[in-house]
Amino acid sequence: MSGHDAPPTLGLSTGPATSLSYHTGTWRTERPVYVDLAPPCSLACPSGEDIRSWLGSTQEGEAGFETAWRRIVAANPLPAVMGRICYHPCQAACNRGEVDEEVGINAVERFLGDTALERGWALPVPTASSGRRVLVVGSGPAGLSAAYHLRQRGHDVTVREAAAEPGGMMRYGIPAYRLPRTVLAAEIRRIEATGVRIECGVRVDSLDDAQAEFDAVVLTVGAGVAHHVDIPAGAAAKIVDAIDVLRDVASGNAPLLGRRVAVYGGGNTAMDAARTARRLGASDAVVVYRRTREQMPAHPTELEDAVGEGVRVQWLSTISEVSGPTVTIERMELDESGRPVGTGVFEELDADTVMLAVGQEADLSLLSGVDDVDVRDGVIAVDPGTLMTGRDGVFAAGDASPGSRTATFAIGRGARAAAAVDAWLASRVLPAEPVVREAEASRLNAWYYSDAPKQHRAELEAARRVTGFEEVLAGLDAEHAVFEARRCMSCGSCFECDNCFGMCPDDAIRKLGPGMRYEIDYDYCKGCGICAAECPCGAIDMIPEER
Amino acid sequence: MREVLEGSQAVARTVARCRPGVVCAYPISPQTHIVEALSVMARTGELRDCEYVNVESEFSAMSVSIGASAAGSRAYTATASQGLLYMAEAVYNAAGMGLPIVMTVANRAVGAPINIWNDHSDAMAMRDSGWLQLYAADNQEAADLHVIAFAAAEELGIPAMVCMDGFVLTHATDVLELATQEQIDGFLPPYSPTQVLDIDRPTTIGTMAGPESFTETKYLQHLRFLDAADVVEAWSDRFTEAFGREAGGLAVRYDPDTLDRDRSAPPAGAEDLVVVAMGSVIGTLQEAIAPMRAEGLPVRLVGISAYRPFPREALKAALGESRHIVVIDRALELGSGGVLTGCVGRALAGTGSRIHSVVAGLGGRPILEGSLRDVIARALAGEQRGLEFLDLKTGGVPVPPVGATEVAR
Amino acid sequence: MSTVHIPFLQTGTLAVGGRLLDDAERSVQSQADRPSSLTRGHRACQGCAEALAARWVMDTAVEAADGRLVVANATGCLEVFSTLYPESAWKPPWIHSLFANAAAVATGIASSLHAQGRDDVRVLAQGGDGGTVDIGLAAVSGMFERNDDVLYVCYDNQGYMNTGVQRSSATPPSARTATTPAVGRQPGAPQGTGKSMVKIAMAHEIPYVASATVADLRDLEAKVRTAMSIHGARYLHVLVPCPLGWGSSSSESISLSRAAVQSGIFPVVEARAGELTDVQRIRERMDVEAYLRPQARFAHLFKPGGEDALNRWRALAEANIRRYDLLGGRP
């Protein structure tokens, strides 16, 4: 033998997985990075709910329901209410609308809200007290939200409400067929159970007195006064304010309206009024609106529901005169800028009663004589960031302050006001709301979402609706709520579908376990971009590699 | 037990007694009788725990053998001529991978023109493939060489061809004494591959070597091949001791007078003309030279048994002081001469030897004793030229019949 | 179809996994401790679908065989990028011999294991389209015909990519390769050329033949599992986009596979004993352009004069849709 070191075999065999010593990550020109972007639903939610997150918990079924509900009430203490009355701008923004149909967020919220009421889940009670006293004037959605969030921060909160019962427009403006009073009362009681004191039938008429009693005041007095238009009317004409009718119905004093009712206006109150008129026995309810369907401020579903109950709409029409059993209507047309102008063509409409639903105003009598709180355009002027009025320690939110007059907006502003009061009481600067990147539909890879239509809530038959004030929409059952929640595409936030992990040709992604998501092994990731391209929810960015 | 057997049957039975796990072959004359016999034995159960695989080509036959060997089986195949060339890529591959496959080559000419008869041009085409090439002088050795081939190949991790002349040996019947099953079981160690596709100890076999490692890989293969001469010789010696007859070895010595094979025969002397040859022509040479020796002519015979590795030292030892060589070659390096002659010449470089190259028996042309004696005599007389084609007919090949081409058109 | 249908759980059957799935419903690739038979450190190009498909196939096979799997690999990209000595990216016992002989080497392994009484150890052979459809066809056909106990997997990237993108007989007509340049009257690979290995395999009437893509992991895993549940010769043909050879972005390997299926260009089928038993229906029908346009090898189809070839693609898709009823009766 030649005494050399030749191996016994020559196949250049080698050990398994020895390639780990070769780091292909050096090839990379772009690197994938996991991101968490803001979903359009949450960005569109005036209440500031983290919708994606609570839908995510709901997806887990029974085990996740309470977590989901707690995630809602972190922003909105009234899920059962809002699950019924919210116009759900979240759904209009939902990216799933571009795939099949938007997720029925509102229905899931209601399911969670109702489940919480059924099971008696309580809101958190603050353990520590700040020792500071805050007055909230008005118990509408803005007031209740402000009170709740202030209480969560440990403040001693009193709500003073001029009406006999708390709830504001939720109690007196929204018909019971849309929001059963028991649901509203239960959710308000639950807020009271956290230590918020609500005093009804107490009108606050002096800001100075209030400030003397409390460390801070939040004005959430709403906009419960009907706006009026001047219409020539004969002596026999019966003209009423829609908001008053709704309030009377809500207070148990349903008025007699007659068989033919004309409702003047195009907002949600007009829809509520017309539908209420039908329930009160009107065989004919006509909404007279001076613009077109596209321009109508009422939410499309409200209009649909109204029409479904037999309400008619007279588009491009103004009421020019009310004279007893008939109403004179002028046909309108749109000018070049889209504004309605009269055509000089008139027609008659039979109507026993005209209900005016042409807007509402805030009752700002409290501010008469207060010169350091500005009122502009009929509402209380506030700092857009802190919601503080011109007077130190006085804040305003809800319909009495600038912005959208919806319950969801009111809840969001109430929460914001609470944060601002909290900061002001502590002499802290309220941080600006962070700028977030939106998870736009173009980031999604919708291929991966199974085809499944929205779970339609079983609607009561239209005929049955007009006979009374039973709740119109049935809620989802647990199975359907879970199903609906699972339609959420989790836009911009990893939901652990394993696509990146499974589809990496370089085996360069590690799966960290439930809830822990993934980790990219940059020693080996070549930056091909498949993970980003195939991420269903757009939660991976490809960014240029820094060398 | 001595018995009358065809060479192919003798080889098949001996191979079977070496207990291969997989036998895979594609038929080609003159190898067919060997694999037919093995297929029968596998079917009847005489060859136990063995898969006989009929494949669609020699390329696949070798490839199946590669897979089988790598998976831990003693693998055997047989081929010849075109078949060997058709599997050429896999032949090289088996050697590069160090898989100790044993293959019988029933030596046959390579076309064109197509020719099914014997010469060594097929195996010679694979001389640098990295396989051992052991040439049988007769059918007894053909059978015995397979035992040595398995043993040496498996010790070395180098595949081995056992070359036996097609038809001349494969189809010839002799009185033979085959190694029995018990003898082989006692002689041949069980197959224990050093690299195997083992699910418990996974390995990657057949990686790619870049320029940074290919030369070294080949160098190590070369060193291993140098070892092979010792290993082949050692197993041949062990065989002789175990079975009482010679087989294999490197350069084979013959008794100067009886011309019988004898490893203790003295080396040639300075006065001797030595005839170097391999394969079945050795037998003819024994018959041709014996009378010349009786006449007192200084002629010796040296056989090459291990053509690969080429036994330079053993050959030089057998040639002793002789510097006058005639090489009987059964393969032609076109434009140059006999293939074996080239190897002998390289081995004897610097010794001042005169080497005659006699190309004989191409494509099955009988090699006649008389012709061999004639060429040896002329070499002794100094009348033999450097390269000679034995019994070459003058006038080339016959011309096709006149008009046949025209008719065909 | 042997696919697993995942009930609606945010994403369904089409995603790799999902946090809401039961363990039994999880794909092999979604498991944190999957075998990763082809592991990191291999040198495949960025976005190589062959590397991806090979891991998917082999991981499933390893699981199905309870870890007892031996692999024979043909020469080609897959072999070169995974085993440059002294490194190997493979975990199972693996052998590479030659370009044309993976099927025969696998037969040898299977024969050896059978002779050793180790029928529990399963054998997988794999190669590219060149090693399967062209140079290795005889060995593959022989293995099929003998019904050897081997699962043969062809990763079809439609050309000789390892040697610099030359045409193979799996290259589709009109595709530009280095040997079918996009010049002349009929740019790219000649019309009327190319062969279907799936049909060739079916003609052997072997127990199981299937096609799959990297656009549907569940389908691919189910097919490997089905194949592994059968003994005898089995064939799986996987379309694997090649960013280098196709002139596509490295991030598009999955989406191109999807487009190939959804346009009808690449039928995803299953056959047993030569009979077509199932096809994957088109879920969202796409025009052939969705498949062709992102690929530079078809860029000439979208220039003046490319209409004929483009129409031929549409005709091919239509023919596939008819032949395999890819729309399942839908218009």
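For clarity, chains are labelled A, B and C in written order, and residue numbers in each chain start from 1.
Basically, a contact is a pair of C-beta atoms (placed from the backbone, for glycine too) under 8 Å apart; a residue touches a chain by one contact, two chains touch by 3 or more.
Chain labels with UniProt names: A = NAD(P)-binding protein; B = Pyruvate ferredoxin oxidoreductase; C = Thiamine pyrophosphate-dependent enzyme.
Predicted model, so just to flag it, every value in this text is computed and none were measured.
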item: A-B or A-C - the one linked by more C-beta pairs in contact; value: A-C
item: Chain ID, smallest distance between chain and overall C-alpha centroids; value: C
item: Centroid distance [mean C-alpha coordinates] between subunit C and subunit B, Å; value: 44
item: Length of the line joining the C-alpha centres of subunit A (NAD(P)-binding protein) and subunit C, rounded to whole Å; value: 49
item: Rounded Å distance between subunit A (NAD(P)-binding protein) and subunit B, as computed from the means of their C-alpha atoms; value: 91
item: Junction residues of subunit C - those touching two or more other chains; value: 83, 85-88, 90-92, 94
item: Sequence positions of subunit A (NAD(P)-binding protein) contacting 2 or more other chains; value: 12, 14-16, 18
item: Where subunit B touches two or more other chains at once, by residue number; value: 97, 202-207, 209, 213
item: Complex contacts: residues of subunit A (NAD(P)-binding protein) adjacent to subunit B; value: 1-2, 4-16, 18
item: Complex contact set, residues of subunit A (NAD(P)-binding protein) against subunit C; value: 12, 14-24, 27, 59-60, 447-450, 452, 483, 486-490, 495-499, 501-508, 510-515, 521, 523-524, 526-530, 532-534, 536, 542
item: Subunit C residues within the subunit A (NAD(P)-binding protein) interface of the complex; value: 8-20, 27, 29-32, 36, 38-44, 46-49, 51-52, 55-56, 82-83, 85-92, 94, 214, 217, 243, 249-255, 258, 284
item: Subunit B to subunit C touching residues, read off their complex; value: 21-22, 24, 49-51, 53-57, 59-60, 63-73, 75, 89-90, 93, 97, 197-199, 202-210, 213
item: Subunit B residues within the subunit A (NAD(P)-binding protein) interface of the complex; value: 95-99, 156-157, 194-195, 202-207, 209, 213, 217, 220-221, 223-224, 226-227, 230
